[in-house]
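One structure is given below, represented as structure tokens, and several questions about it will come after.
Think of it as A, B, C, D and E in the order they're written, each chain with its own count starting at 1.
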Amino acid sequence: MRNDDWKKVSRLVSKKSLWMVHFCTGCGAMEMPPVMTSRYDMERFGIAPMATPRQADVLLITGYLSIKTLKRVVQVYEQMRDPKYVIGFGSCTINGGMYWDSYNTIKDLSKYIPVDLYIAGCMPRPEAIMDAFLKLMEMIEKGEAIGWKKYHKYYDQYKRNQRMAFSYRLDEVQDIKEDDAK
Amino acid sequence: MVSVPPVLLIALPLLFAFFAPLVNMWSRKAVKVYTLLVLILNATLSYLLFANVMQNGVVYEQLSGFYPPIGILLAVGPIGAILALLINTLSTIVYLTYFGEAENSVKFSMLYMLVTASSTGIVITGDLFNMFVFFEITAVGSYGLVASMRTKESFEGAFKYIVLGSIGSAFILLGIATIYGYLKTLNFYDIALRIDTMPPTARLMSFIFLIIGIGVEAEIFPLNGWVPDAYQGASNRVASFFSLGPSKAGIYAIARLIFTLLPILSGWQLALLLGVFTLIIGELAALMQEDPKRMLAYSSIGQMGLILIALSLHSETALIAAIFLMVGHALAKSLLFLGVRDYARGTLRNPLIAAPMFIGILSIIGMPPFPGFWGKWYLMKDLASQGAWLIMLVIILTAIVESVYYARFLHRGTGGEKRKLSRSETAAIIILASLLILVGIFPNYLYDPAVRAAASLLGGGP
Amino acid sequence: MILEAFGVMLLAVIVVLALDRYPRIAAAVAIIASLLPLFALTSWAGIMGISLPSFLAPLEFESSLVYNLGPGTLNLAITPLGWFFLLLLATSFPLALLFASSFVRNRAGGFYAGMLLTMLGSFGVLLARDALTFFLFWEIMSWSILAMVLRGGDRRAIVSYLSFGSLSAMLLLFGFMMLYFKTGTFLFGDMHLDTSLTTLVALSMIVAGLAVKGALMPLHVWAPHVYSRSEEPFVAFLSGGLSKLGYFGMLLFMYGIAGLSLLSSWGTFRDVSYFGYALAVIGAFTAFAGTVLAVMQDDLRKLLAYSSVGQLGYIAIGIGIGTPLALTGALFQALNHTFFKAVLFLAAGAVYYRTGKWKISELGGLGYRMPFTFLAALFAIFALAAIPITSGFAAKWLLYEAAIEKKFLFVTPIMLIAGVGAFLYAYKILYGVFLGEPRYDVKEAPISQLVAMWLLVLPLVIFLIFPGWVADLAAPILSEYGMQPIPHTPYVITTNLAAYNTLAVIFALMGALLVSLILYKWKPQEVVPHEDNYLAGEPPELYEYISMHAASNYYEPFEDVFGPVFRRGAERAWEIILAAAEFLGNGARRLYTGLTQDYSIYILLFFLILVGWWLLW
Amino acid sequence: MMAKELFPDAQEIRKGRIRIEVEPEKVGEIVKKLKDNGYDHFVMLSCIDWINDGQFELVYHMWSYEYREHVMISTRIPRDGGSMVTLRDLFPQIETYEREIHEMFGVDFIGNPRLGEFILEGWPHMPPMRKDFDTEKFVKDFYYKIPEVKEE
Amino acid sequence: MVDLIALGEQILLLAGMVTLGFAIGMFFNGFARKVTARIHNRIGPPIYQGYIDVFKLFAKKTNISHGWIFDLAALFSVAGITLAFLFLPVAGFTLLSTEGDIFLILYLLAIPALGFALGAGASGNPNAAVGIMRALILMLAYELPLVMVVVAMMIHYNTTSLATLVQMQSGMHWAIFVPVFFIGAIIVDMALQGMLMEKPFDIAIAPHEIASGPMVEFGGKHLGALMLYKMMAIVVETTLFVDLFLGGGVVLSVSQYGWIAYVVNFLVWFALITLVFFLALLINAVFPRFRIEQALKFYWKYDALAALLILIWVFAGVSI
């Protein structure tokens, strides 16, 4: 068997066993129980909740993130083992949502960690979540869910953005801007 | 072998004691050396006497021209020789410690020689009245020695000692009077020969009088009220000296009393009972004692009880045990009294003091290979062969109690700051500990004399 | 050569005392002197049917000796039983000294002198052929331990050791004297005991006296205090070597002198004498209670001490049951315990040497810092917990088989559950000291300490592969007691109930390990530091003030359940006895009022009583 | 004793809700008095930024389970360099509120030892709850300026 | 040479059985999730989910370790549980069970547990330490009733060898048909619940309290190895129960029926362990979790008390 074939088989099997760890900072946490219990029963796709990032494959960011929580999210994400995937829930993770003018919540999650999939909505309904998972599985099978590879590849960019955000300093943002301009 | 007249053992120190003030007039410091020389001479003489007795059996010497039973007779048997050697040697060693002291009182040296001589006198005399006289000298000397500290406690102890000692003397005198009244003699042999002619009542009365009188000196319960106070009040040296000299002489006197003098059945039973009570009370009282010197004093009482039990068993094995116990106790207790300080704290931090004192404690609680062990082993062996389980049980329980309070003593000693004793005291302690080890590891050197002593005592001799 | 050996050892005691200022030279002298018992051991190997090459036995020791001491005679002779226990003591002793050579700094002369004296005493005890010799050397051994305890200076240790030591001595003395009363001799060979009550009481007393040294409950009170307050090399020898002498004595008196038929004459229960049955029940209780108490300790030394108490209980069970199987098991357990407990105490010492801490909750993460110490301790812990990859299991297995064979319905579950309890405290040591968050940046233990530990681990491996060799060593002992040795080959031990094949276990384990290793090494891995831990996203560097080491109060739920029952139960009972004695003591003290008139009245009363007694009589 | 009886000049907004306006120095005394008289639940401490008056208003809310009554003790301190004495000795939970108000408004509580970083980590700007802090501008200048990750 | 061939055959048989054991274990994982899902009125994952999960864990691209002690966990767990499996009589095959006995198995079962604990402790995560503490206390708790019943049985049958015990039960003389051992079976089944760490005794791995306890730091291949251990442990523990009470599933004698007997015995054994596990799952699905003290008290009070009755019964039987 060639290496590519092996990878394909590996992906084919792995997509049926997605273990997730949810970082329940926002309102999205409330949407998870119906997804997991008998109404929608996510387990039939082999998706199971896990207690720690060491064991998990999928990181769910279920809502807005402040700078302080972002620090924790980054730590959790880095503790997960490859291959790993991130799903952003709701508009808060996309553009800040209703916290668009808050001095302390980040506006775009994908600036700090690679996000494979966003679910729009405030909050998304369980059906949307199910759909997202199915989509993610499809992406995995096709080899499109490559957020973890991006994180390795553009590690310095992600780190730079994280560092900027953690510092809260406007001048640092300006400096980088100038660097990019050059 | 030079044959030494036993009387020298008494006469020389008495004589030299009276010359001591003369020496003092010449030089104050010379008195110590002078006294030490006298004591060494005495110890040498006692050794020669001991060798002589071991070789030739009992040595008699009559004094003042009269023949016994009227004249004064000295009769040194094996046990007397052992004790004389013990008392003289150890008192020399204990006197060594006086060199570490700044003060040099001629009175102390005189009294010391006096008490040594009179204690020796008790163990080598063959005459009841003589014994009484020596008892009186010992007692009077001892009062002085106890008070020599010139502190409140020492005066208190000395006073109690005087009162009880006087009562004891009175009882001894009563006993002697009773015997003399019936038998018209005071010679031990004579009494032993004709004791059967005495009416039983008189015999018993005289026995009671004598045992009470001597019991005061031999620290027997309930006659020993003076002991804790006197030991506590006295200086370490004097307490140490007491536990080797007068108390051993007293117990010897009781031995003579129950073996030679008045061999009546109930006397032994009484002595046994007294021994058991003394043992129990002494050990229990020591258990809760906070002051280390008082604790050692109570422990001495307990040991005296043990020796009395051994003596009263009236068998060869038990007598050997008694001799081992006496030697062990004299060595160990004089060692402990020398080493002990207030609350014992700190003294055991110094290994040169701790090791000898540890050995002393081991000997007293009967650990091998020290004299105390051989004594206890023989005593138990004899009790076992008689099937005296109850007494064995008492001895065992008190031994456990003993080890509990000695454990506390050891712990207290190891805490606190390191303390030093004077060089002479350390030397004395180490010599005593070495003697303990030697006697323990080579018990046969004491065993053979002890066998003879036992045989002699059982045969009605001195 | 025996007397010379004693002489040389005594001489060595004096020499090391004099060399107090030069600890290394003192250690060298002590180690050289400690080889004497080892040479005696090799010289006497013939009586166990072992022929050793002559370079291993350079000194010739006579096999028996009679020496007249005056008041008594010393009778010394080597027996298979003595040889077996000498094997345990003589091999662990030089290693403990080797460990001490880098461990003991303070007043080293006294330390080595005390150690040599304990060995001298035990050497005599093992050779003793009469009660006087036994008692003499027993007590020398006993008070040398006291001397070592005094170095620690802990009040409870000194008081409890001296009082229990003297209780033991007095029980032994009483027992010997009762035997003397019955038989008229102290010679073990001439003691022909009858079935009278006196003999029973005497034997019980002797066994009780020996049980104090063997730390059987409820006579164990001294052990935790002493074990936790003395220097580790000494404690390793005390727990590993000297505590076995109690069981040596039990075997000697119960089976060597009294004999099985005599014990059985006082009644039997399923062919086991009531005497032995009682001992087995006490042993089982000790095993269980010791284990429970060990689980609750936070002080590493106390934990090991209670664990010793528990493990020694197993030996008592074996001796109590008294079948060939059980006795072999007891001997095996004694052998194992000697080595693994010595290793554990030494490892604790090494940890203390590097970190200066005894509390388990204050240690942690030393496994990566001191890997060789950790591995030695791990091996010892496997032996302690009777995991079948060390020799520890074979001993326990023999005991279980023996108990089941005799249909001991209530003893066996207690033994088994105590065995499970051992996992609990074993893991407490492992986690608290060696695993978890690294908190000390220390070096590995010195080479002398490592060598001592690893040489002690060696027997645990050897007897894992060849448990039959221990059965071989037990065979002459059993034949002395008129028993058949258990059927065995070097690898296989067979009983009526089942068989235990070490070879199968080892090969299966090797195979399984190999397969899992392949499975496991298939994928690469990277090593991350301990700080990179999942703590709900919290980076630990933010919380310097919170310890991530969860070792304090580790078994709190367990303590909540068992604590009220077991904590200091036995000690309280003894304290009540002590309080009663103190009450009596205060009473006696009050007799001495300090008033002269009272004393005078005593004399008068005494006189009156005597006169009255005489009048009535 | 009820608050109205203790402080007759207190203003009763409606039943069960009392407002007392006092000088900053007297707050401690009043809280103590209320605490001793059954108002044993310290609910919270809040702060209002009266930017036009140049003042901060600190409101201490207390509740009595006995009288089912809510007392607000209001006091005003200057906006610039205003400070207040800590009341953490009366109610330990006040410490947390004081920390929060210190972080969000910059009010200094004299005697509180833990006025460090609380919710925000490494916040270098002016306290964000002050009315003169322009969050919209901050978000624009900061969050929106953080660059996207450029993929090559 | 003949010996070598026989040895080779033996080794092949053992290897085959171990592989089969792991396969059954993985099947049980999916089975358990399916059953639980059906009780919850869910559809649940496919029954082969266990295989997928293990495959995925071993297919993880990167794995982390906290050092060599951490690695021991995975090694000892898999090797130890394999060892325990080898010393059990399984479905009429004695494997190595004639070379050891019940006590050996009880202690062999401790190898993976201690190895696992070692690795978990080495990770330095406090959650892991707490989880191990609970697991060990739970072990102490359930072992008491277990060993009491086992000892009673061993004394009753006068053997400690499981192979002999299975042999003595052949011909449908199963221990469970003895009334007193029927009670014993119930008691051991309770203990089995704790051994399998199913609810109400899943205190050690409580995911919501202590983040799956000992396993908190394990991921990727380490977790895969641990899953293999857990799955195999289900087979070992249920087989232990079947060997003790249900005659090891042996219904046909090999000497009489030849190879058919092997097949039938194997199927019966498989059905029986599935049944035993199914019972445990039923309890698991409907119960909440005990606290650790409650578990300890439950086992030591009610279970052990009942076991004591059995001991007394056997005691009376032996005495007569």
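Miscellaneous remarks
We take it that a residue touches a chain if its C-beta (ideal position, glycine included) is under 8 Å from a C-beta of that chain, and two chains touch if they have at least 3 such contacts.
Treat the numbers as computed from the prediction; the structure is a model and nothing was measured.
Annotation of subunit C and subunit E: jointly contacted by A, touch as defined at the top. With steps allowed only between chains in touch, the distance from subunit B over to subunit D comes to 3. Here C is the chain whose Cα centre lies closest to the centre of all protein Cα atoms. Between the interfaces A-E and A-C, more contacting C-beta pairs are found at A-E. In terms of the distance between Cα centroids, subunit E is separated most widely from B. Of all the chains, the one whose CA centre sits at the greatest distance from that of subunit C is D. The geometric centre of subunit C is 67 Å away from that of subunit D, both derived from CA atoms.
Distance between chain centres (mean CA atoms), subunit A to subunit C: 60 Å. Spacing of subunit A relative to subunit B, judged by their CA centroids, is 96 angstrom.
Chain geometry summary: the mean Cα position of subunit A and that of subunit D are 38 Å apart.
Residue numbers of subunit E whose C-beta contacts span two or more other chains: 60, 62-64, 211, 216-217, 220.
In subunit C, the residues touching two or more other chains are 532, 534, 536.
Along subunit D, no residue makes contact with two or more other chains. Pairwise, the chains that make contact are A-C, A-D, A-E, B-C, C-E. Listed in rising order, the residues of subunit C touching subunit A in the complex are 532, 534, 536-539.
Those residues of subunit A lying in contact with subunit E across their complex are 10, 13-14, 16-17, 37-38, 41, 43-46, 48-55, 57, 80-83.
Only residues 159-160, 163-164, 167-168, 171, 204-205, 208, 212, 216, 222-223, 225-226, 228-229, 266, 270, 280-281, 284-289, 320, 324, 348, 351, 354, 358, 362, 365-369, 373-374, 376-378, 380-381, 383-385, 387, 389, 392-393, 396-397, 399-404, 406-408, 410-411, 414-415, 442-448 of subunit B touch subunit C when the two sit together in their complex. Within the complex, the subunit A residues that touch subunit C are 23, 52-54, 71-73, 75-76, 79.
Across the complex, subunit C meets subunit E through its residues 270, 365, 367-368, 374, 378, 382, 385-389, 393, 396-397, 400-401, 404, 407, 409-410, 412-413, 416-417, 419-421, 423-424, 426-427, 430-431, 434-438, 492, 497-501, 504-505, 508-509, 511-513, 515-517, 519-520, 522-530, 532-536, 548-551, 554-555, 557-558, 560-561.
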